[in-house]
Amino acid sequence: MSLLAVEHLDARHGLLHAVRDVSFALEEGEILALVGANGAGKTTLLRSISGAHKPSGGRVLFDGADVTAVRANERVRRGIALVPEGRRLFSSMTVEENLLVAGRTKRPGRWNYETVLDAFPLLRLHAKQRSGDLSGGQQQATAIGRALMTNPRVLLLDEVSLGLSPVAVNMVYECLQAVIASGATIVLVEQDLSRALRIATRVACMLEGRIVLEGKASDMTREQVTEAYFGLRRSDASGAAS
Amino acid sequence: MWLDQVLQGVLLGGYYALIACGLSFMFGILRIVNLAHGSIAVLSAYLVWVVAEQLKISPFLALIAVLPVMAAAGWLLQRTVLERSLRSGALTPLLSTFGLAVVIDNVLFQRFGADTRSLAPDIGDLAFNSWDVPGGGSVGQLALITFGVAVALLVGLQLFLNRTPLGRAIRATSEDPDTAELVGIDSRNVYAAASAIALVTVAIAGTFLAMRATFDPYTGPTQLIFAFEAVVIGGTGSLWGTLIGGIVLGVAQNLGSQINGQGFLIAGHAVFFVVLAARFLMAGRSPRTLLRALRGASA
Amino acid sequence: MTDAKALAVTRWTRVSITAVAALGGLLLVLAFGPAFLGADLTDRLTTLFIYVILAAMWNALAGYGGLVSIGQQAFFGLGAYAAIRLSNAGVEVYLALVLAPLIVGLLSLPLSSFALRLRGGEFAIGMWVFAELAHLLVNLDTLIQGETGTSLIAISGFAPDARRAFNYWLALAVMTVVVAAVFFLLRSRTGAAIQAIRDNEEAAASVGVRVMATKRLIFVLAAVGCAAAGALQLATLITFQPKTYFSVQWTAYMIFMTLVGGLGTFEGPILGAIIFFAVETLFGSSGVWYLIGLGGSALLFSLFLPRGIWGALSSRFGIQLMPVGYRLASPSRARKPGSAG
């Protein structure tokens, strides 16, 4: 039984049909890279899985249970954590407070305030600083640390490299290594194809709300993914024409 | 004479800070101006009065019994009225809390009649004991205790918000309720807790109102206005500002009363508008830039 | 797909033409009121007209301007006060009653620059503070003698029947003017601006709607309207006790009328005023329970039926009596309602 499964998920923003009939399953320990152009529906999909967005159809299954109707904060308690697009830190609060406030959930696991700081030493440096004053890379590390504080079984990362300098992106991905090494299950939305392919075990490519390519990262070439990304050749999993 | 008035004004400011505290807290956290604020304070006063009279105990003890009731009321208020109102629009809470205020005031009238009441008789000497101050003034014991309670409450709330897990959760939810949900915070419960805390402070304020003065079912609106003026004068968004605002209001009112019978109230409202006007004029110009401009080229 | 050329934007529908015609007829009939209505009924209709004015004005402020004011009683009282002062200064009484609201309107202009910088709840209570201050300052006037008050003595010079008829006609005229003002405002370019502001202020500003100027217009209109209502109330009551005119009770009535009738609609406040009038006639003497009912209704409506009775009916059945919106009409489709009026 997969840890996380999405079945025929449909999500809309008003009249805009952002996610169309998306289905996939994720086993424990897998790292799924979700790629696609802007507006392909990746963020909406992640938000629907985390409970921040209400889907218009389909189901989200977590650990065998149907969580489609479960509120976001309850999903966190069950073990789904989202690092949202744009970080969305509580900028008036310090780094320490951002971490502690997420730790209130008290899920059992290896992550707590001390271990998160151990994994991300730069956070220890800036712990008492107002999080809104930090650089982009530091904020991203804080956001990831904050999500880890809830000891998630599935970690959803939305565009962690957005708006960051290459140096900062490197730093963020270094931090991520520690997380990956701990055996976490991850869904990673990423615009940078090469990075995504490097760390992922599975890849899914979205175009106009649908998954148009899916499979093991090792089975795929960069050319395949690029084609799917730009919709040059459709390899739709169900074989349906569009 | 004038110095004594200022002193009395400062002490009165302590009461105003107390009554304003809940209004400021609710506005800062829930972004709601609770128009039923004053009426709830009066409701608390009546509750404490009933408990004190029935059980023949001190109002302070009665207050302790009433606090959990008001906390529950705050919880209920948020989950039933405020949460729902906010969904309809930003202005709907004003309408619903106004309606609520009218209901509370008139239900109190229905139950207790028009007679003014007071808790002063129940606290014995405390109501009128005072210490003399060199220079000719006097400091009332009750007034000083009220001031002390106000300061303690403000300090307590600050500590609560900054140091406790629930306090942090409240601050996070207030800043970004959607993201708070994403880190496991139940925003509905957090808001309800904040509302409960606010109403606990209102209950305390209502009790001290009843001890220092008389009250009747329609005293609510006046208290709401005083609380609001104190919050605005001190600057919305700062708990300490509330204390300063209360003091400024109290002092202005007392000095105004020296001029004219109606001067007490007029001076308070006047100061309110003057501070607002000053704030509008200063808008966009921080004190630092003003200073720099004053210092001229040497900056 | 419907041929775009066949679509037409219309303002008038069969329903609205009928409604306006009926309204015109009704006004004509009402104009002859004092001739066939008894003394009591004439007085009561005058009161109803005053309520309609108040409801329409509060709705203009809150429903169209997005400004919830708990202090409109300030203008209500100042209107009456200004009339007393003018009459006392020798102005012919019915002229005084007409001039007073206009003077209050002038006063509200500088006030608006101040008040409109406040937002949301701050504006709401800020106006209440203004009302309290106005009340206190009026009390200071030796002519008013504090809470004892005074009377519009000059109006007693008219025989009761004449006075009743004049008050009636004046109230009918003012109500018609005020409601017509709102009507034409909504149909004008400013009207589109108003509804844009109501729906989304930021978006409205971003497409060039002059938000501040529009709000100021509504603010002053509401001030004049409420002041006129106060002057009319003075004409019917003759006595002026500041406590009655500056009471926040008037705002409570206005909130009830607009919430129950339909906030943000044109027809809503009129319906609300009629309902309030009926409720007051039936239950007004029940004392506190009447007030509890008013407050409770406002509370329940704001929670469960925020669009009011008219608003709910209008969106459910697509009725719109007055042509204040735009409708898309095409020959191939049944008429569908356009934007809410």
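Here are a few things to note about the model shown:
Per-chain numbering from 1; labels A, B and C assigned in written order.
Just so we're on the same page, a contact is a pair of C-beta atoms (placed from the backbone, for glycine too) under 8 Å apart; a residue touches a chain by one contact, two chains touch by 3 or more.
Everything numeric in this text was worked out from a predicted model, so none of it was measured.
Taken as a contact graph, with one node per protein chain and an edge wherever two chains touch, the assembly forms an open path, each chain linked only to its neighbours along a line. Central chain by Cα centroid: B, whose mean Cα position is closest to the mean of all protein Cα atoms.
By C-beta pair count, the most extensively touching chains are B-C. Annotation: 54 Å between the Cα-based centres of subunit A and subunit C.
One simple way to say how far apart two chains are is to compare their mean CA positions; for subunit B and subunit C this gives 33 Å.
If you average the Cα atoms of subunit A and of subunit B, the two centres end up 44 Å apart. Multi-chain contact residues of subunit A, defined as those touching 2 or more other chains: none present.
Residue ranges on subunit B touching subunit A, taken from their complex, read 165, 168-169, 171-172, 175-176, 178-187.
Looking at the complex, you find that subunit B touches subunit C at residues 27, 32-33, 35, 81, 84-85, 88-92, 94-96, 98-103, 105-107, 109-110, 221, 224-225, 228-229, 232, 236, 260, 262, 265-266, 269-270, 272-273, 276-277, 280. Of all residues in subunit C, only 62, 66, 68, 70, 114, 117-118, 120-122, 124-126, 128-130, 132-133, 136-137, 139-140, 248, 251-252, 255, 259, 288-289, 291-292, 294-300, 302-303, 306 touch subunit B in the complex they form.
If you check the complex, the residues on subunit A that touch subunit B are 50-52, 71-74, 76-77, 81-82, 84, 88, 90-93, 97-98, 100-102, 104-105, 146-147, 149-150.
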